[in-house]
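Before anything else, here is the set of structures, which you'll find just below.
In the two complexes that follow, chain A is the common piece, with chain B as its partner first and chain C second.
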Partner chain A sequence: MIKYLLRRLAASIVVLIGVSVLIFLIARVIPGDPARIALGPMASEEQVAQLRAALFLDRPLIAQYVEFARNLLRGDLGVSLYTNRTVTTDLRQFLPATAELVAAASLLMVVIGIPLGVLAGHFRDRWPDHAARLAALLGIVAPSFVWAIILVLVFSYWLDLTPVIGRLSDSIVRPPVTTGFVTVDSLIAGDWAAFKDASWHLVLPAVALSLSGAGQAARLTRANLGETYGRDYIDLARAYGFAGRTIAWKYALRPAMIPTLTILGLDFAAKLGNAFLVEAVFAWPGMARYGVNAILNKDLNAIVGTVLVIGFGFVVINLVIDLFVAYLDPRIRYRAAV
Partner chain B sequence: MLWPRSRLWHRFSRNPLSVVGFAIMSVIVLAALLAPWVTPYPLHAGAVVDISNSGKPPSLAHPFGTDTVGRDILTRTVFAYRLSLLLGIVVLSLATPVGVIVGLLAGYFAGWRETVFMRITDVFLSIPPLVLALAILGFLRPNMINAMIAVSAMWWPWYARLTYNVTRQVATEGYVAAAEVVGASAFHILFREILPNCAAPIVTKMTLDLGFVILLGSSLSFLGLGVQPPTPDLGSMVAEGARYLPDLWWLAVFPGLAILCAVLGFNLMGDGVRDLLDVER
Partner chain C sequence: MNDAAPPLLDVDGLALSLARFDGTARILNGVDLVVFPGERVALVGESGCGKTLTARMIMGLFDERGASVEGRIRFDDDDLLALDARGWDRLRGRRLTMIFQDPVAALNPVFTIADQLATVILRGGQAHTRVEARDLARPALAAVAIADPDRVLDSYPFQLSGGLNQRVLIAMALVNRPALVLADEPGTALDVTVQAQTLALMHNLTDASGAAVLLITHNLGVVRNFAQRVYVMYAGSIVEEAPVAELFAAPRHPYTQALFAAVPRLTGEGLPVGIEGGVPDYRVPPPGCRFHPRCPHARPQCHQPPPVIEVAPGHKVACVLFGEKRDG
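This part shows the complex of A and B:
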């Protein structure tokens, strides 16, 4: 296990360095002159030269990267040209809202996707299977912002069940910040009214964000169940006369879960990206508005910071999930150790 | 060719959903190609203003309703499909060759080329596609061409991965060894011996991806980073319409469903192509 852990850790570090190089290259090579773009066409040559020096743009590319990486290791992402605050401060403000949304969506993806897949796998080629597969497909083929709009139209406007925008109603006092997740913070503070309000605000964006992953999880669970149902030990369990439900949940599902967990990690990337779209619909105060504003304003450091945080988050989450999978499935860690 | 009554069509149509996908795709492609002739108000694709008809709900004259300046949404949706399809075709014809060549080289030549190419691929794959496209667009002017470049830049790694996996399997086959023994060039081995074996999974993936490229393109323009008005585009129509929820709900809902239909059509079609070419999942 230790050997597997170290090997996986080393691979992740290589990818992390690669991510930082890639983002650095995108930011420095594509724009031509980032200083000119940041300051706009009205700025004088002198101002541009000053900013170039301040951003180390007048040095060779390698030296620029070394400087960039050194600052990165110190947690210094530079100052946002738009908000005039350090990018780290900005991200610390906006990241928790996005993280809460993505975490809730990941949870829902498991809660919706896996039972749907089990249903389909259990009733293979009968009508519950067809219905579940159609539902999974619809989740996958519609962009999350389309789901967000349909959900908000039906549940918020027509049925008047859920709030339309934001994380918390104006009438509710925000509980003291401990984790940055409003739902968790209100639980810690023991504030039930705030918890209920925050949860109602969270549910629609989280569902909209979870549907495509839930569809994939359902498809994968169904496919893997089909495979495990063909195994001898399932026939043996049937021969012993175990109930169909026991076989489905206890014997067939466990091995079928492992690829689904891996998909959960890989889909995390899609969720972080799609969070931009869902946040736009629900005016969710997360990274989306910050990121999109940064892009529209050519705010170099802010763009780099946002993409870096997302890339790093993705690599770390996948590392954690891979280790968890290796813990669940001894075959993986033994194969890696030899 | 897929043609009713042919043997291929017979295999393809064993799954009724593939036929549904084929039908959806045919309708969308034909409508988009013939847009100026089949849409009720072809002029509404541009910057037309007809205030007396603004914000009309769906009716016989305007099945999808009209927008805030009185333009027919059905017409604009069909015209928007033209751009979506163009985006899909351009992106795949840029991204596929790059990905395939990287995958072939990495899969066939072991050693440093494999390590370098596949690590670079991993790096690209570890940034969310939409975020990578946004980062690239962040430094370019937001328009159609740049959106195509940004999407292509994030799409090739998937083809590199796929081709790499197939190449690694195929490279150990006897006929590749035979070609090596008779002194065939690396070029011949890569493109004549190995590539044909990659064709089926690549074609399958391209059919499936056409829908997903359209989805990603519409996501970019939904955020205001793709096609700029007044050119009709599904993503920006949804974004524009979302501002008038709930009263003018048809503004956002119909273009949104149009995206869903296109992706659904290519997805079902792709599953059919997969069955047809006998590609493993």
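This part shows the complex of A and C:
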């Protein structure tokens, strides 16, 4: 198990290095001169040249990357040309909101999607299956931002149940920051009013972001469960009179979860991208606006920082999923140990 | 067998048709079969004749849509074709168990043997906690000649050899002291020595526990030392039944004779004689006796359902040839 973990970790680091190179290159080949953009059309050629030199933009690409990597290792992502603050400061401000949204949506995706899939798989071709499949399909057909708009219209405007904007009402004092997740922070502070308010703000964007993944999770679970139900070991479980519940939730679900989770890993990661659009709808103070501004302004360091964070999230999520799959599947655990 | 005792299992005129996209397949065509308490019975027939289907019907595992079923399956006092969930709960894994053909596929790959065996033992009612179940699992594994039960219990199926998995399955089938064990070609997925070991173990253990066995096989060779009575099945119907010695001494049905001719013999002269042709297309089965298109003795009467003739005590043949002899 330890060996397996180390191997996955090493692979993740290689992926991260690859990601950093790729991002670095892409950011440099976008047309337009970042120094000129940063200084505006009124700046003199001399000033622009000075800034280019300060940013190492006048050096060969390799030298630029070495400089970039060295800074990266020290946790220095440079200064945003647009906000004039270090990129790490910016990320520290905007990232937790996005992370909270994505974490909540991922949780919902699992909590909604997998039971729905088990229901469908267990009652295959009967009415609970048809209902669950329809629900799953609805979740998938509309992109998250469309769901976001629909949910706002229904729950905020028509029913007037939920807030429309931000993470917390103005009347609520934000609890001290420990994790950066307002819901968790308010729980730690024991501030129920803040927790309720934060959850109330979080629920719509999280649901909007979770629906397509939940639909996908339900379909995958159903398909893999269906495949598992055809196996001899499920026939054996039935022949020995194991309870239907025990078969569905234990003896069939566990083998079925192995391929399901592996594929779902990609959905978790896709959430990071979709979150941007959902954030835009709910004016969620996360990475969305920061990232978009970075691109529009050709703010190199900010672009690189943003994409690097997404790449990092992707790698971490997949690592966690790999570990969970290994926990579920003894064949991976023991083969890796040999 | 003591014929005065009522049979433990009584399959009576079991017929099964399956509506498939390419037509209706009339597979089982009136299967009649009984197993008495403590008796070892073999069901023999070539591949595709419906043996597994019969076993799955008995176990209540066959619940395919588009199936129409006729006949009756009685086990003890239960009508299995009309049994509700509670009835099955009373029987499965307790009075009635099953050994599957491929032991590695029949065990769940992501749970330990201990977990799976304990779930079975807990159903037996002799243990109430998993710890107690494990205490019962050890002797059950020792009984199937497993030397280190604890290592096997803590293993996953893929960590054990096919033979060990097979023995785990036998232990599972017997641990709750069932009245009847269905064994569908046990061990044929493994090599011949393991297969022979499997049958020897089952023979001895069921002898000791008094469990009846219905052994399903396409191999006449393994039947002789195992079973007391044999049913020969062809294309969904029983064509001959007899005590094992009687069948080996004097097989009557042309299909049974062909089966014997197809068994390779060490002392035999020349190669075994295969049976011409194959199992019929179940969508358009031959009328009357389903074997007649392949039968060397076929005659016009074979297009009618064959009479079942008792040619000797306990020896019945479904063939028009023997009816003629009686009449003439």
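Just so we're on the same page, the second predicted complex is superposed on the first by the 322 of 338 C-alpha atoms of A that agree within 3 Å, B and C clash if a C-alpha of one lies under 4 Å from a C-alpha of the other, contacts with A are read in each partner's own complex, and residues count from 1 in each chain.
Assume contacts are C-beta pairs under 8 Å (C-beta built on N, C-alpha and C of every residue); 3 or more make two chains touch, one makes a residue touch a chain.
Here the structure is a predicted model, which means the values were calculated and not measured.
Q: Under the superposition described at the top, does placing chain B and chain C together on chain A give a clash or a fit?
A: fit
Q: Once the shared chain is lined up, is A:Tyr251 touching chain B (first), chain C (second), both, or neither of them?
A: second
Q: Just to be sure I read the superposition right, which of the two partners does A:Asp329 touch: chain B = first, chain C = second, or both, or neither?
A: Touch status of A:Asp329: second partner only.
Q: Hey, is it chain B or chain C that touches more of chain A?
A: B
Q: From the overlay on chain A, compute the angle at chain A's CA centre subtended by chain B and chain C, rounding to the nearest 10 degrees.
A: 80
Q: Once chain A of both complexes is superposed, is A:Arg231 in touch with chain B (first), chain C (second), both, or neither?
A: Once the two structures are laid over each other on A, A:Arg231 reaches chain C alone.
Q: If we overlay the two complexes on their shared chain A, which of chain B and chain C does A:Pro176 touch? Say first, second, both or neither.
A: neither
Q: Which partner does A:Val19 reach: the first (chain B), the second (chain C), both, or neither?
A: first
Q: Once chain A of both complexes is superposed, is A:Gly166 in touch with chain B (first), chain C (second), both, or neither?
A: The answer is neither, since A:Gly166 touches no partner chain.
Q: With the two structures laid over each other on chain A, which partner does A:Ala239 touch: chain B (first), chain C (second), both, or neither?
A: second
Q: In the superposition on the shared chain, how near does any CA atom of chain B get to one of chain C? Answer in angstrom.
A: Taking the overlay as described at the top, chain B lies 11 Å from chain C at its nearest C-alpha.
Q: So in the complex, the part of chain C that touches chain A is made up of which residues?
A: My answer: residues 59, 61, 65, 88-89, 91-94, 97-98, 100, 102, 105-111, 119-120, 123, 156, 158-159, 172.
Q: Considering only the defined contacts, which chain A positions touch chain C in the complex?
A: 125, 231-233, 235-242, 246, 251, 254-255, 258, 328-331, 334
Q: Hey, which residues of chain A end up touching chain B in the complex?
A: 14-15, 18-19, 21-23, 26-27, 30-31, 34, 37, 137-138, 140-143, 145-146, 149-150, 152-153, 157-158, 223, 269-274, 276-277, 280-281, 291-292, 294-296, 298, 303-304, 306-307, 310-311, 314-315, 318
Q: Per the contact definition, I'd like the list of chain B residues that touch chain A in the complex.
A: Touching chain A from chain B are residues 119-120, 122-124, 126-132, 134-140, 142, 211, 215, 218-219, 222-225, 238-239, 241-242, 245-246, 249, 252-253, 256-257, 259-260, 263-264, 267-268, 281.
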